[in-house]
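Presented below are the structures under discussion, each in the form of structure tokens.
Across the two complexes that follow, chain A remains constant while its partner is chain B and subsequently chain C.
So, the complex of A and B:
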């Protein structure tokens, strides 16, 4: 066994061990804890690149835990999609962590432990090929996210946190009901094996399988914050600390990823009882999410709330792409995913700096004092707003353009074009209004000592996230080619199934 | 037997949903606990009900009961136990910070408008 064979497990165990070590070192000097956390997070980036390197040619890297043969043991599967998600997570995490080092990690205990365990749960959820294991990783990332969400405390944070925890606990219960039903009918939980068993299921089990699959969809929709299950998101994200909100930009994508992964396999190409199950739901719900998220952004009373609503809207766009389900739309969604993750994270970080630079007014939309370093903040805000609303020339525009192009042959063409274009315009209006209010309608702030000057330690991670978006834009060719290859791979679930089950059926 | 178990799961779930929709945190926590009991039982019987059968291979066994749901339910119990502990602590913290045990915490005067 060579070391390279163990590559797929490393993104899972590295944050786990780092988290445990940080827990043991909780009384060690802060610099040591920060260094360890930073090193462990940084190491995820070359790992993700290595996995992209192995997955790029279309191979499925299957890792059998404990060398138990699938479908009896748990497998980790690296394909193009998983590697793509890992890279997005790693890049996002490092900048969220760098921002947290400005002092937010000192506001409460165990920030770095929870941060690493969050990454452990995220990476595990992206890699696992087993439905129950997916549940376990969901719980890990949720439990870590509860801790991170409440990090620093405060009344509003506790209130939003309570809602978030309770609704996710109900979601976990539903997840278990769905998993139990699937196991009761098919006798397996390995996703590849499930795909085979479901395709071959007798007709009398079709209703049971469909109800389980729809229950599962409900759970993933809750995690992804799809209408009507998005109500927890704006409050939770607007009231937590900035680096946590930035890291959580990937959390909703876990739900979207799970929908894509599970339904690309279970509904499958074979046309079993679950074929086209989501067609009636996903596109209309995604369109409604997109519309209502944008309306929420227009009606928001503060910048963080507005960004949270824009994130709901971006989830609508993403799931719209996944719901359309043809190769072009899927590629558009996959290209759009890292873009919207980085853009939302950058905006959350910016909103925090703007709130601090405005003193007591925080991020509320009222005309306030002139911010220190307003030109730098304003420049970054302008860029991030362009990215988030999908204006040219940045990658949000390219992603939406690919999506519109992918919808050309769909029957829902008029709805997709209408809603995406109208919400794009409304998003621009919302952000332009808040930008002009925050940066132009100001009064002079001479001698106001309560305004915090945003330091380089805060500006640099924000700028770096924007730089990532520029990179995605400039090298759009290779990125969209990879996204296209990923979509093609997802549309052939047989490849995944054969790789996991070793060709046996 | 199947009918009895099904009724028990149904009653637990219905009670859990009812309690989880209440306005105070304590009934909500109780409701979540009932829901987790229901789902644990549900997972357990997904391996089908069997009496007096071994879960592991033995030479003179007439049949087997499915051991996997038992392992799953063990995991689910541990997770729901941890989650319940967490949500109780969080509810107590919310009670302390918000000054009341309403899930929205909006009944005190100072909270209005914030």
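So, the complex of A and C:
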């Protein structure tokens, strides 16, 4: 095997080794820990680009761990979708980490260890071709996220974190049930193999398979914060530290990714008893999530809470696109995914700086003192709010435009258009109200020493995330073309199955 | 020809200074002013070159493919330049005025930052080469004017801002529905003389009628067509230069201009007529003209009275278009420019009264003409223009509109125009009478700026309305000159109807 053939495993083992090394170096100087963590995170970006490069022409790069053939060994699969997710994660992670270096990483122990393990879990989940390994990586990223969520402490943070932990433990248990049932019926957990076995399953197993698949969907929906399982999210995200909240912008997308990956393979047109299983569920649930998330944003009492609700709404948009499931809508969703991840992350970082710049009032929606550097913060907020609410001309709007066009031939057209347009409107109004209150309805600060001036170390990562959005917007042509190719690939699950199982035929 | 950058340059000439201004400290007044003026003059220079090119039948087109089948197109044709020139010239005046108006007040960086963004969006709306591009800039205009409306940060300003946002974004959403629907039906359609939809199969005509309704409702919010006009009087809490901008240069005009583009260059005037779309538009415009004028009669707040006057006057443009004939077209187009110049003068003057003497109401105007003769002179000229008095710009628009109504055999439209003129006189003449002929009170409500020689108020507040007031008379008297808006409007009408 040449070095290039080991490419798929690197995004998994690199953060793992970095995490172990950081654990060993826990008493080393902070600068060394930071340097190592940064270097390991930074290295993920060229890796992700390299994988995009190999996947772009439609290749499925299949990596058999320990040379055990699928479906018996552990398998990692790089296709367009996986590479896209890896790149989004890598770009998000580096700026979240840079923001954490402002001092948040010192507030508790093992920040960098947990951060790397989180990336280990995320990258593994995106790459694995095996349902049981997906479960394992979910557990890893959840364990790391428990630690990160509580990092820095505080009563509210621990309380909100506790709900998160309990809910996810329940989710994990259900995941295990579902995986066990599928294994019991089909005798395999390799996703490609599962797809083949399920399509050929006898009719008497149909009910069992369907219930297992729906259970699995419930678990993914919980991770993705889909209605009615989204209630844990706003509290948890609003009370954790800013860089963690920013990194967690990708966490809900793991749920969305899993829904897309598993159901495009198992429950597509040729899915036998599972064929089009989610058609009746996903679109209405996504629309309801979008609507309720937006209502939550309108009713929020603080900026971080509002951003968390807007993130719930954006998950609604994303799953709406996946639920519609035609090539145009899928492409819209995939193009929208990095956009909404970066926009939410930038807003979480910004909300933190705004909270610090307002002293005791923090991010509560009350008339407060004038912030130091208000015009820079305000300018960034204006831009980030435009992005988050999908206003033109930024990429969020282009994604929505593609989505609206993708819904043109769907029976749910009127619902999709009505909800997407109305929630877009309400989202802008919610953010405009917050912005005008925070930045315009102010009183003079008169040398209030408790107000923290946002430094370049905080502003730069925030601005960089916004710059990423500008890049996605300006080069929308190539990015949307990649998203379109990815959608086409997903609509032909045969390609994935053959690539994984091809070795034994 | 590699002159495609020029339309883009017109947009960037205010966008880039705007970006820089956001990051300037409050105290960098000179640099900020310099940036604003360099941008404004660069824009005017580019426009001058393109005006010359367009006279010689050249079009400047910038095209960037955003997504497959979705192009961003900026096009400088005769119609675009009518609006671009108007907004660029008036922007320059408003910049001077705003510098004087905001002198010494806080938050000027963010004000001028959004001010520049607003003009960027306006010229973008003007030069948009298809509906998608138009929509992008139309929404950007909403977003960049919102911070200007709430600029003062008071409870009232914030509330007005929310109303403004709800109306205009709602309109934007409706416009988006129409746009995506049309793109689904006809693919990407660039604006073109005579439109491009007539070639579609007749089965889709019913859909096209609905789409027309959606598009017009979408831009009708900004054009303040009744009953979509509620935001405009509320937005009066904004500072005077912002009101001037909203009414004369940017927002309301963007809506009216949208109607022009949709009727002439998406549907084509003849196709629109054949789908029976123009008569409803004419009725909507007529209702708006009368309703706005009627409501203006009962407003004591000076700026609110002017706001209702705008509601009424902007629909002259829509009426002119709906009259279906080259004469009405010329009347509508030329009024786009004339109304802008007259209205901006009125708002400059209203701002002067408020800043200098604390006058906000019509009932406080007694004797203002003796204290501020030059401002009141400019106000009087513009007000007379609004009524359509001879030797003013308003007379020219009104004559062409009347002729257009006669040519189209729409006697009721003539009656509407006459009624509105009478109503205009009824709500403007009492103001003039109070200002010139009633004795001044012993004490002004709140005198901020003292008289110095013949200077009744600050330099920068006085000169812009005098200049625009002079323009009202000049373009009225020299309507037939080669440089007049009327000549340009006739050029456009020739090109729209000859296709």
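Criterion: the second predicted complex is superposed on the first by the 500 of 505 C-alpha atoms of A that agree within 3 Å, B and C clash if a C-alpha of one lies under 4 Å from a C-alpha of the other, contacts with A are read in each partner's own complex, and residues count from 1 in each chain.
Operating definition for what follows: contacts are C-beta pairs under 8 Å (C-beta built on N, C-alpha and C of every residue); 3 or more make two chains touch, one makes a residue touch a chain.
Quick caveat: nothing in here was measured; it's all calculated off a predicted structure.
A.B. asks: When the two structures are superposed on chain A, do chain B and chain C clash or fit side by side?
C.D. replies: When both complexes are placed onto chain A, chain B and chain C end up side by side without any clash.
A.B. asks: Tell me the contact category for A:53 with respect to chain B and chain C: first, second, both or neither.
C.D. replies: neither
A.B. asks: Quick check on the superposed pair: does A:180 touch chain B, chain C, both, or neither? Answer first, second, both or neither.
C.D. replies: In the superposed model, A:180 contacts chain B only, not chain C.
A.B. asks: Check whether A:35 is in contact with chain B, with chain C, with both or with neither, and answer first, second, both or neither.
C.D. replies: Neither partner.
A.B. asks: Does the superposition put A:170 against chain B (first), chain C (second), both, or neither?
C.D. replies: A:170: touches chain B, not chain C.
A.B. asks: Classify the contacts of A:73 with the two partner chains as first (chain B alone), second (chain C alone), both, or neither.
C.D. replies: In the superposition, A:73 contacts neither chain B nor chain C.
A.B. asks: Quick one: classify A:155 as touching chain B (first), chain C (second), both or neither.
C.D. replies: In the superposed model, A:155 contacts chain B only, not chain C.
A.B. asks: Between chain B and chain C, what minimal C-alpha to C-alpha distance in angstrom results from the superposition?
C.D. replies: When the complexes share the chain A frame, the smallest chain B-chain C C-alpha distance is 26 Å.
A.B. asks: Would you mind listing the overlap between the chain B footprint and the chain C footprint on chain A?
C.D. replies: none
A.B. asks: Would you tell me which residues of chain A are touching chain C in their complex?
C.D. replies: Contacts found on chain A: 374-376, 378-379, 382, 386, 391-393, 397-398, 401-402, 404-405, 408, 417, 421-422, 424-425, 428-429, 432-433, 436-437, 440-442, 476-477, 480-481.
A.B. asks: Which residues of chain C touch chain A once you look at their complex with the stated criterion?
C.D. replies: 22-23, 65-68, 70, 109-110, 113, 135-136, 139-140, 143, 146-147, 150-155, 157-158, 161-162, 165-166, 169-170, 173, 176-177, 180, 183-184
A.B. asks: Any idea which chain A residues touch chain B in the complex?
C.D. replies: Per the touch definition, chain A meets chain B at residues 132, 136, 139, 143, 146, 150, 153-156, 158-159, 161-163, 165-166, 169-170, 172-173, 176-177, 179-181, 183-184, 187, 189.
A.B. asks: Would you mind writing out the residues of chain B in touch with chain A in their complex?
C.D. replies: Residue positions touching the partner: 20, 25, 28, 32, 35-36, 38-39, 42-43, 46-48, 66, 68-69, 72, 75-76, 79-80, 82-83, 86-87, 90-91, 93-94, 97-98, 103-105, 111, 114.
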